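Multiple structures are listed underneath, in structure tokens.
Heads up, the next two complexes both have chain A, just with different partners, chain B and then chain C.
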Partner chain A sequence: MKPRYAPYFFLAPFFTLFTVFMVYPLFDSIRLSTYSVRGMQNQTFVGLENIERLIADPLFWTALWNTAYFAAGSLLLQLPVALALALLLSNARLKGRNLFRLSFFSPVLISGVFIAVIFYLLYDRRYGLVNRVLGSEIQWLQDPDLVMPALVLAGVWRWAGFNMVYFLAGLQSIRQELYEAAAVDGAGPWQSFVHVTIPALKPVIAFVVITSMIGSFQLFDLPYVLTEGGPGNASMTMVMYLYKHGFEFINLGYAATIGWALAVIIGVISIIQVRLFGVFREN
Partner chain B sequence: MRNPVRTTITYVLLILLTVLVLTPLFWVVSASFKPSGEIFSYPPTFLPQDPTLENFTRLFQEMPIVQYVVNSTFLATSHTLLLLAIATMGGFAFAKYSFRGRGVLFAIVLASMMIPFHLVLVPLFTLLYQFGWLDTYQGVILPYLASSGFGVFLMRQFILGVPSDLLDAARIDGTSEFGIYWRVIIPAVKPAMGALSIFGFLGAWNEFLWPMIVLRDAAKYTLPLGLASLVGVYRQEYGMLMAGTLLSILPILALFLAMQREFVQGITLGAVKE
Partner chain C sequence: MVERMNHLGKAPLIFGLLFLLAFPVIVFRGDDRSDTLEFWIFAQTHYDEFSARIPAFEAAHPGVKVELRLISKLHDKLLAAFLSGIGGPDLSEVEISSVGRFFKGTKEEIGFVDLTDRIEREGITDEFVQARLAPWSLGGRIYGLPRDVHPVMLLYRHDVYEKAGIDPASIETWDDFVRETRPLARDDDGDGQPDQYPIMLSAHKPGHFWLMLLQNGGGMFDEDGGVIIDNDIAVSTLEFYCSLLNEEQLAIPEFSQDPASYAAMKEGIILGVLAPDWYISFARRFVPELEGKWRAMPLPAWQEGERRTSTWGGTMIAVTRQAENPDLAWEFAKFAYMDDEALANRYRKTFIIPPIRSAWSNPVYTEPEAYLDGQVLGRSLTELAPDIPGFHLNPYWAEANDLLRQAVYEAANGIRTPADALSHLAEQVRALRNNTAETE
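Here is the complex of A and B:
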């Protein structure tokens, strides 16, 4: 092998898989979304009918609303929690630091299915730990108004430790002199947090916000096992709705259309966030 | 930490939060050893009053749990090995060669990290149908590897740090390009491969939706799939569900504890550098 061909040889495995299993399917899903596909052998061209149906489909909008609710909840609740955990752990002289960090991180190691099982038990009306601590008999997962907040809380428990690790790394990369300079200028802890910590963390915050958004919009396993999208459709998410049409109703054309809607929404949100944070501006 | 009040508050908060995070996990362990009557006792017992292995024996008797563990291990291991090969090769190409199209190809890798895998579930399914790969492990593993862009990026970051002199010295000695990859690059980036293998293993071990779509035969199920089917049948059998949950967490926890340092190093590299 000549050295000039070597890089292409080394890149071939990734780009082959990426082309066959990502690029081609992305284009194929454009084709599929213009067909009514009922089973593999039964495809009829329907043009834009799937898109018209999607826009008029109230359940799609419910799923979108629920997914957006979860994403917003994660952003507003989970990320501040993650940042707070990182701030608490940021002192290198803290005793038991590794142990605390490992504890906060441990939920990340667990599959969503098992997290769902755990929270199924925690949220039980009579025997669940949550109600026992509160001394209540709230039906967290059966009340349409409470089911999404309950899922957001489960999401906080699951992912806060993961994002904490990013914030922690970001905090450690802030030079100590910046804080000293701020202290000389008479800044208190709050002021140095706002004027030193937050600006220095901006790239990390951007990264975490964008990845958690993309992750939140793919929410599936938690509601699938925990509530099956219920009660009614109060916890139906977009990927669940896609799954239902594609693999339960075997309506692949419509499912592909939902997939594209999801792609467009995630794309738009990512672009807005990239612009807001100015992530790639320096490069 | 010179301020004793602040130190105390920090520790109190940390301990409270740790309790909050670990209680559900403690509950899992405790419930796995409780007889079914005790899980529903009132007031609740924190430690099992009458510890039993009944949940575990029933789990092994009524479910092919050993089969699930074997399947999950096989699937996650093959995924991880392939991911390591793809990512180190790709990362090596981007870090140590200049070639036509490098900028564009690298931009594609970065963009691929933003594409959620779940978007292409439906067209992937029809593709696997055409390949005749439904209900096969290659059908689960290979499409999932199309999302290896993160691994390629991560390995590039590490391989950039390998001195190019080492490569040139090997070339003068007549080592082939593949020989350089195998005998110079791979040994130099072993710690980074440790980080990436935890990512890969964790992802494949825990993935639920994609294997659920591809696999039909229950004998091929992974642990999450097996447990999810158990949830349907045994909604009220919390003890068994908890025992199954505990069994599936243990291997991943052991792996994580063994490689914690590499993992934290790897997880943060993507976010902080560049």
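Here is the complex of A and C:
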């Protein structure tokens, strides 16, 4: 074999599988979103009707609102917690910090279904640890006003430690001289944090914010097991709604439309974030 | 770049050839598998039961191999296999709450083999509890053998009843139940909430309401596919259900089958449960402390002399249209679901009553059950089993069932009146049918 063909041989398996399992389904789902699918084979072309239906579907907007709520919760609560943990655990004077790091990181190693079961027990009205600690009888998962905050908190527990690792890596790459220079200029710890740490961490923050937003918009397993989208539809997320139409109602055309709506929303938010952070800008 | 790869020698060529060889082998499996039966199941208990029995089937059919697969998310994967037309098993179990999604589209598109003629040819149609064939049938054709009947009884704390001077025999109707058990819903600490409840009914999930509706002769669809979920029976059933939760405060609203509900039973907060046969084995397993304190009585009737049971849950075995040898698969289905001794063993472990009448003569069903204070549970269940209500499956079943959850939640939590919630539900289900009809 001529050596110049070697790279193609190496790349062929990936591209073949990628084409069969990613590119083809992706384009076919565009086609599918213009069809009404009933039963295993029956497909009828309906043009843009699925999009019209989506816009007029109140449950879609409920699912979008719930998903956006979770994403906002992740951004405003989970990431500051992750950063605070990273700052704490980057302190060389802290004894046993590797053990703490492992502990905070470990929830991400557990499957989402298992985490949902744990939180089901934690949030129980009568016997749950949360109510026992608070001395309350709050119905976390049965109250439509509390179910999404409860999911956000479960999300913090699951992902904060994972994002902490990114921040830790970022903190370790900040040169010590910058802090020394700031100290020479009379900067206190807060000023060092605001004027040295945060700017130096900007690429890491951008990465974590963008990937967390994408992950949050794809939320599925936690509410699927923990609440089944309830009470009522108070914790229905977009991917759950997609799953319901795709796999429970066999409404594949509409499910494809929901999927593309989700992709467009994630795309737009990601582009805005990329621009805000100036990710691809020179310098 | 190319030069740098020279040192790799023949590795790229070998990998490339391996891939080219493996790809068609995976995609176009041409081997003759007509003597192999792949059987998908979704529960560990079923796996244990069948893996112990398969060697007997293989011994009786030399050369045949049964591959038993415990599949997580079985219904999603089976559906994907039906949609793509490849990768499905020869036989599969299907759970009742998921069966609706397999009956979309025309008869030709259903992924299961129509077993009606085989069942008739074997002369076993009358062997089964007739209402139990209905959930696995569409348009008069049967697509699966039922595994169970799941008659429902009322599990109650007979020690508490005795202390309170309540005679269970005096509870014949739901009105009797309300009158007799009202004194049990006591508020000892004066917080306005009872500290113990005569029954557990979910205010968030539709299971308990659904079985009470079936018992009352209601349902989602009639036999012609008409939507009947807003008729008088359904409205009065939901009104009564909500009154037990709210006005009467006889029902604890927060549990369905949660682990926490077992803790509430242990503490004596829950004094009664709507219990199908399988649930009683759950109680035995998860609340062993209450051995001898529970007994089971027939459900209170809606009117005197009417039906004293309902049904909750269920599983079928079906032969798929991807089966290479449907005759052999059918033989296995009968072996798996219709052997008297195996069914008796299953009862010992799970209290599940088989849907085959002739099997009920096995002595196992007359054994006293220590967990229920020596009550002969098998006899009570087999006496009730022929009277379970049936219901009509429909291609819109999955969507309608999902909307039912919302309606029960809204009614039970005072967001809509029961009549309003059901009328809204019926409207949505009818619209669903009309929309579909337009696009078909």
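Just a few scattered comments:
Convention: the second predicted complex is superposed on the first by the 280 of 283 C-alpha atoms of A that agree within 3 Å, B and C clash if a C-alpha of one lies under 4 Å from a C-alpha of the other, contacts with A are read in each partner's own complex, and residues count from 1 in each chain.
Throughout what follows, a residue touches a chain if its C-beta (ideal position, glycine included) is under 8 Å from a C-beta of that chain, and two chains touch if they have at least 3 such contacts.
Keep in mind that what you see is a predicted model, and the values were worked out from it rather than measured.
Annotation: superposed three-chain arrangement on chain A; chain B versus chain C shows a clash.
Applying the stated contact rule after C-alpha superposition, one finds that A:S136 touches neither chain B nor chain C. After overlaying the two complexes on the shared chain, residue contacts for A:Q191 are found with neither chain B nor chain C. The partner that reaches more residues of chain A, of the two candidates chain B and chain C, is B. In the superposition on chain A, A:F207 contacts chain B only, with no contact to chain C. By the document's definition of touching, of the two partners only chain C reaches A:V46; chain B does not. By the document's definition of touching, of the two partners only chain B reaches A:L122; chain C does not.
Using the contact criterion defined above for the overlaid structures, shared-chain residue A:Y166 touches chain B, although it does not reach chain C.
With both structures placed on the common chain, the touch criterion links A:V239 to chain B but leaves chain C unconnected. After superposition on chain A, the stretch of chain C whose C-alpha atoms clash with chain B is 5-13, while the remaining options among 5-13, 185-193, 329-337 or 365-373 stay clear.
Taken together, the two structures place residues 1, 3-4, 6-7, 9-10, 13, 40, 120-121, 126-127, 247, 252 of chain A in contact with chain B in one case and with chain C in the other.
Those residues of chain A that touch chain B in the shared complex are 1, 3-4, 6-11, 13-15, 17-18, 20-22, 24-26, 28-29, 32, 37, 40, 85, 88-89, 91, 93-94, 98, 100-104, 106-114, 116-122, 126-127, 129, 132, 157, 161, 165-166, 168-170, 173, 203-204, 207-208, 210, 214, 217-218, 220-221, 224-225, 239, 242-243, 246-247, 252, 255-256, 259-260, 262-263, 266, 270, 283. On the chain B side of its complex with chain A, the touching residues are 1, 10, 13-14, 17-18, 21-25, 27-28, 31, 39-40, 42-44, 85-87, 89-90, 92-94, 97, 99, 102, 105, 108-109, 112, 114-116, 118-127, 129, 142-143, 145-149, 152, 171, 176-178, 181, 202, 205-209, 213, 223-225, 227-228, 231, 238, 241-242, 245, 248-249, 252-253, 256-257, 260, 264, 267-268, 270-272, 274. Touching chain A in their complex are the following residues of chain C: 1-3, 5-6, 8, 10, 12-13, 15-16, 19, 23, 75-76, 79, 82-83, 101, 104-106, 109-111, 203-205, 254, 258-260, 263-264, 269, 395, 398-399, 402, 405-406, 409-410, 413, 415, 436, 439-440.
Against chain C, the residues of chain A that register as touching in their complex are 1, 3-7, 9-10, 12-13, 16, 36, 38-42, 44, 46, 49, 120-121, 124-128, 139, 142, 228, 230-233, 244, 247-250, 252.
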